[in-house]
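Chain nomenclature is as follows: A, B, C and D, assigned in order of appearance, with residue numbering initiated at 1 for each chain independently.
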Amino acid sequence: MFAKTLLGASLLASMTLLSSAALSQTIGFSQIGSESGWRAAETTLTKQEAEKRGIDLKFSDAQQKQENQIKALRSFIAQGVDAILVAPVVATGWDAVLKEAKEAEIPVVLLDRMVDSDKDLYLTAVGSDLVHEGSVAGKWLVDTVAGKDCAVVELQGTTGSSPAIDRKKGFEQAIAGAANIKIIRSQTGDFTRAKGKEVMESFLKAENGGKNICALYAHNDDMAVGAIQAIKEAGLKPGTDILVVSIDAVPDIFQAMAAGEANATVELTPNMAGPAFDALKAYMDNGTVPPKFIQTESKLYTQKDDPAKEYEARKGLGY
Amino acid sequence: MTNNPTLLAAVGLSKTFPGTRALDGVDFDLRAGEVHALLGENGAGKSTLIKCLTGAYRRDGGDILLEGASIDPRDTQEAQRLGIGTVYQEVNLLPNLTVADNLLLGRQPRRLGLVSRRETNRIAREMLSRYGLTIDVARSLDSYSVAIQQIVAIARAVSLSGKVLILDEPTASLDRDEVRMLFDVVRSLRAQGLGIVFISHFLDQVFDISDRITVLRNGRLVGVRDAATLDRTQLINMMLGRELSEETRDRGRGGFDYAQRARIAYVGTGRAGVIAPFDLSIHRGEVVGMAGLLGSGRTETAELMFAAAPRDGGSVNKDGKPLKLASPRDAIAAGFGFSPEDRKTSGIIGDMSVRENIVLALQARQGWMRPVRLSRQREMADDYIRRLDIRTPDAEKPIGQLSGGNQQKALLARWLATNPEFLILDEPTRGIDVGAHAEIIRMIENLCESGMSLLVISSELDELVTYSHRVVVVRDRVHVAELIGEEITTDSIVAAIAKPSPAPETSA
Amino acid sequence: MNPRLLPLAVTVLIFVVAYAVCYAQFPAMLSTRVIGNLLTDNAFLGIAAVGMTFVIISGGIDLSVGSVIAFTGVFITVMLRDTSLHPLAVFAILLGLTTLFGAAMGMIIHVLRMPPFIVTLAGMFLARGLAYILSVDSVPITHPFYEWLQSLYWLLPGKGRLTLIGGLMLLVFAFGILLAHRTRFGANVFALGGGVQTARLMGVPVARTTVAIYALSGFLAGLSGIVFSLYTSAGYSLAAVGVELDAIAAVVIGGTLLTGGSGFVAGTLIGVLIMGLIQTYIIFDGTLSSWWTKIVIGALLLVFIMLQKGLLSLADRRRSLRASGNT
Amino acid sequence: MNGTLARFGRRIAPQLVTLAVVVAMIGIVFPGFFDISIANGRLYGSPIDILNRGAPVALLAIGMTLVIATGGIDLSVGAVMAICGAIAATLIVDGYSLPATLALSLGAGLLCGLWNGLLVAVLGIQPIVATLILMVAGRGIAQLVTEGMIRTFSHHGFASLGSGNLLWLPTPVVIWVCAGILATLVVRRTALGMLIEAVGINRRASMLAGVNARLLIVTVYMVSGLCAAMAGLIVTADIRGADANNAGLFLELDAILAVVVGGTSLLGGHFSLIASLIGAMIIQAINTGILVAGFPPEFNLVIKACIVLAILVLQSPALQGAAMLFSRTKGQP
């Protein structure tokens, strides 16, 4: 019976492919998942931007699994979408499916994370320079401690993910010139609040109740928010006893900054889709080939930047 | 036929289990080309004998001779290779496999390394056609009736062994036509010169098919008879009675005013295919005995009365008021107790202590919110251990480690602790030693003197005669007779059991 | 029809109906691309599910599958990175390792009489732990042989492609079907599922078969891991989390009885395809939460378990009716 | 009474020894492990962290122990945690009062348990299969509740369930210890424990003795659902957000492990809640120990697997049978 289905399928295939002419633009978006607030905001903003432009957005949540993302990409290709956005969960393993997309002449735009495939295989990548983000955070710390000795603990992102690798690299580059700043402990907090809190607790225990720690660098705000709770529970004042710098600029970190519990965050804008849609439109309408990398701004926010206002501005985005 | 050479013989076979002597110097012989019935009540030693012959048990003493040579099979497979195949009541095949796979498991014909389905099925069909069976062998075994499954099992056993075939209660769940079909198969195998051991508790069938009959009781050989010269009453006497038993009956008993309202009255209780609807009432302080052969419907009656099995309609009255009786919980709430026949699977909670086993029913009745205090539990346990003389080092020993008799006493204690008005005891004296036996009988008498009503099921007729005010006889899933007072003698019970069914099952 | 075939028939029916519904809504669903994708994207799951089918038919369960897949990927990448062995040699070593791993679990289950659930749970921790120790990073595989393997596909009419791994899955299923239904080993697996005691009495080599079943599952998990590494051309210790559950679900949806003794390797293929179909539908729709996949699969599981339950009790009732005709 | 105490001591001795060994090993690798101070009005130190972080598994282990004692298993607890956490966060964000939120989410846990219990006790589906359904579907349901986001909230009352202090201890510790004590009292001071064990050992005999096995089985699955709901609330309150993705992921396996390490047989029967709770602490001690000792976390699973295997092999029926045979032959030459 299955064989019959297959046979029927191949017979019908040619007909159906011909008839799939799109009325409006259909764009597939393969999202990693909803593991952090930032990512949820990215999803919300992408949907909003698509609606603004009258794009029919096919959204697929991969539940943090690369195999699901590859499946989603293949399905988009089979469906004959006009373009594909993908926020890749890991950097590796995209060659085959990107080649397929290229052969089907469907442009692919990477969002917020890079892949290690050949640059020809995708139209462009929209993202912030992850290394740069790390170095902005590192530079802020160097400027803030101004030559005093400072022992830093680091909460890494999910092991093996490109933000974890690059944000670590950038931070280390920025503090390389400052002999007074040392990373004394570094562990993965999986980008989650719960793990950020748990790992920070163990850092505090391991470093004399936190008295040895001068600053915390977290690869994302969620871990920082978790760690701030751990610091408070340890009887220390986050933001004063231990400086807190992290990346992403999600609403909750502004709340913490307003309360004086966090010091700085580097913005990673969740609106990657806006520039991506613009680049796609230009490419499809006029054949304008965008640059291979569209960098979004990595703006530093500190307690001086009216965090309360920033919080209000962001809280509705589904972070 | 009777002059055929002896095929398989057991000489002075003995087997002891902790606490019981299951076989005590039993002799048995099987000739080629005969059907030899092996009879006895539960615990008589039939299955132990079979298991020794087929290698499932290792014997403690005696010898097994196959065609004159001493054998000592270590497992059933070895026995099979030697030529002894067995078919059990619970078909010991795999219901989920096809008929052909069941017949040829491990020996399927192969071509190019792959099992040839067609060839397998062909061989299987051929094997079955010898038994007059033409069925689709590619279907799974469980899509066929038990009778066909039995024949498949026989076909497999015969093809694997081919000298001796042991049929252990093969007809227990067959209907009349199926039995006839099975017997045709057995007769043709007999004609081929196989020696067949036939175990059954259906006496009609035994007389129908067997050439000789061996009876065991309590692990000992009672006797071997030619089927043709034996009558039913003699046979039942061999199985149940003591040929020379004294009448120990206390003639002072009885004298119940049966006109008075009974304490508990079942009307029209029964279940299709299990037990025919019956009426039964029990009075205050009365012991009703229940006699019948194994599989006659005794246990099923008890289960229905305790609502441990569903019944079709009928009503139950207690003290004249209708009683809702849908589950054992209802029965216990009404003051009933039930000590089942199969202690291990339905009676004891093996891993729990004697104390916990004793308080379980009381506790279950009180509900979990009202626990029996630990000190009270200990008191109760110690009290019953003393009163019933339960041999255990202390109340905290897991009951599974006690001997059968002591487990039985603890189960009795479980029900006595609930202070029941009506207690059902199914084979309370089975498989326990003589001392405990006597104590349990004494206890039954004491309980009824204290006003409790009892229903006691037993294969020990002289025991029933001793304590019963009334005896109900069950035969072929029907309550066939009720003996009251003076009528109760072992002879009258045996006669009631032996009376042939009104419509003989397998009339020629 | 043999009532035992009913679950399989229902599975096929559900698949066909589901496909028809999908087609009605999205005609592109019936393109060879989608069909090729179904095979390619679910190749690793399908191969692992074949092993799981054997384990479940025998009455056991294997929770270590997903972890073994992850371990395989990491092992291959590390070996290719740090040694100069040819990928084929690495494959051979790896398959030997995972087969041994499975055999060891089977041995523990049989000899120590421990529940398969717990033994394979420990195996699951162990395999993923070993993967972590080898490497926590996602390491790309850049060997030319890999690229060659990935470039192998057969272009179907309509631009669909039957890839090497998709084809391999079909081959494994063919092999599995033969093994289950056409060998003595297969019959023994079913026999174990029917009842270990009875099987032993009927002469089934219980120890050898048990060990072989888990070894087979280990081997196929390793093969599935190789396929996964071809699929993603990387090894990542966090990969394939929860694949064992998907495999179990596919096996049950494919009409195999979770209690063992009855099942179809071919049904598992349909089960895998049904699960792939649900995912594809949800992606095609583009507005449904992808988590509906899980809920639908849960519902399907319920349906199938109830169906099997119903069939069993039906068979029982038939038997007891027969018994009541007695005497 | 002394006999009971001694027996209880013997029962939990292996677990206590294992815990002591694990803790001692951590102490060797990380000498500051035993420092406990008072900060911010509560005790503070690594041992407290173990108690605190072990709360979800400890709570799950309570329900799981009872389920396993009846001969069942509950694979769905992780998913139920996610569901209840998601419901709680959503409700509190929507402005429901704390008591209403707690009541509704605990109710959801009970409902999940009821579903499992009905499948097992009434429909007679194998527990592992019955609870697999909710395990697969549950996380999807939780995601639908949160609409795929991490539902964050800032309700201090609710958050204090996860990160507040009570009696110088983190609230989760107080919750699981109280739940453990309460459960122990309920099963041991009433007859519940004995009836559960009876059903687990021999269901038919128990039913014939009048035990309402069906109700009892439904009840233990409901208790398991309730415990999972509490664990879900704690996890959610701790991070002030419902993470339907990660909340309780694979915790069912840890909970089953805690029960098995606690010496309760997967076949059902005798159980010890205290031993299961110690089992949960052993597992958490391994996790925390690896963190504070500065080991790379990748060793976590291998170490866990090895310890588990060792404990399992020691407890395996085959080995115990051999040991019993050995001691018997020694006893009676």
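In this section, a residue touches a chain if its C-beta (ideal position, glycine included) is under 8 Å from a C-beta of that chain, and two chains touch if they have at least 3 such contacts.
Everything numeric here is computed off the predicted structure, so don't read it as measured data.
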**Q.** Chain whose mean Cα position lies farthest from chain B
**A.** A
Q: Provide the C-alpha centroid distance between chain B and chain D, rounded to the nearest whole angstrom.
A: 45
Q: List the centre-to-centre spacing of chain A and chain D in whole Å, with centres computed as mean CA coordinates.
A: 34
Q: For chain A and chain C, let me know how many angstrom lie between their CA-based centres, rounded off.
A: 33
Q: Return the residues of chain C touching two or more other chains; collapse runs of consecutive numbers into ranges.
A: 136, 237, 289, 291
**Q.** Multi-partner residues of chain A (each touching 2 or more other chains)
**A.** 61, 63
Q) Going by the touch rule set out above, which residues of chain B reach two or more other chains? A) none
Q. Are the chains arranged, by touching, as a line, ring, star, complete graph, or other?
A. other
(Q) On the basis of the stated criterion, which chains touch which? Give every pair. (A) A-C, A-D, B-C, B-D, C-D
**Q.** Of all residues in chain A, those that touch chain C in their complex
**A.** 1-2, 5-6, 8-10, 12-14, 16-17, 19-20, 28, 56-63, 65-68, 70-72, 74-80, 90-93, 95-96, 100, 104, 116, 158-161, 165
Q.
Residue numbers of chain D touching chain B in their complex, please.
A. 3-4, 189-192, 194-195, 197-198, 201-202, 204-212, 269-270
Q) For chain A, which residues are in contact with chain D within the complex? A) 33-37, 40, 43, 61, 63-64, 185, 187-188, 190, 192-194, 197-199, 201-202, 205-206, 208-209, 222, 225-226, 229, 232-235, 252, 255, 318-319
Q) Which residues of chain B touch chain C in their complex? A) 76-77, 92-97, 101-102, 105-106, 108, 110, 113-115, 117, 139-140, 142-143, 145-146, 173-176, 272-274, 476-477, 505
Q. If you look only at chain C, which of its residues touch chain A in the complex?
A. 12, 15-16, 19, 26-28, 30-35, 37, 40-41, 44, 136-140, 147, 150, 156-161, 228, 231-234, 236-241, 269-270, 276, 279-280, 282-287, 289-291
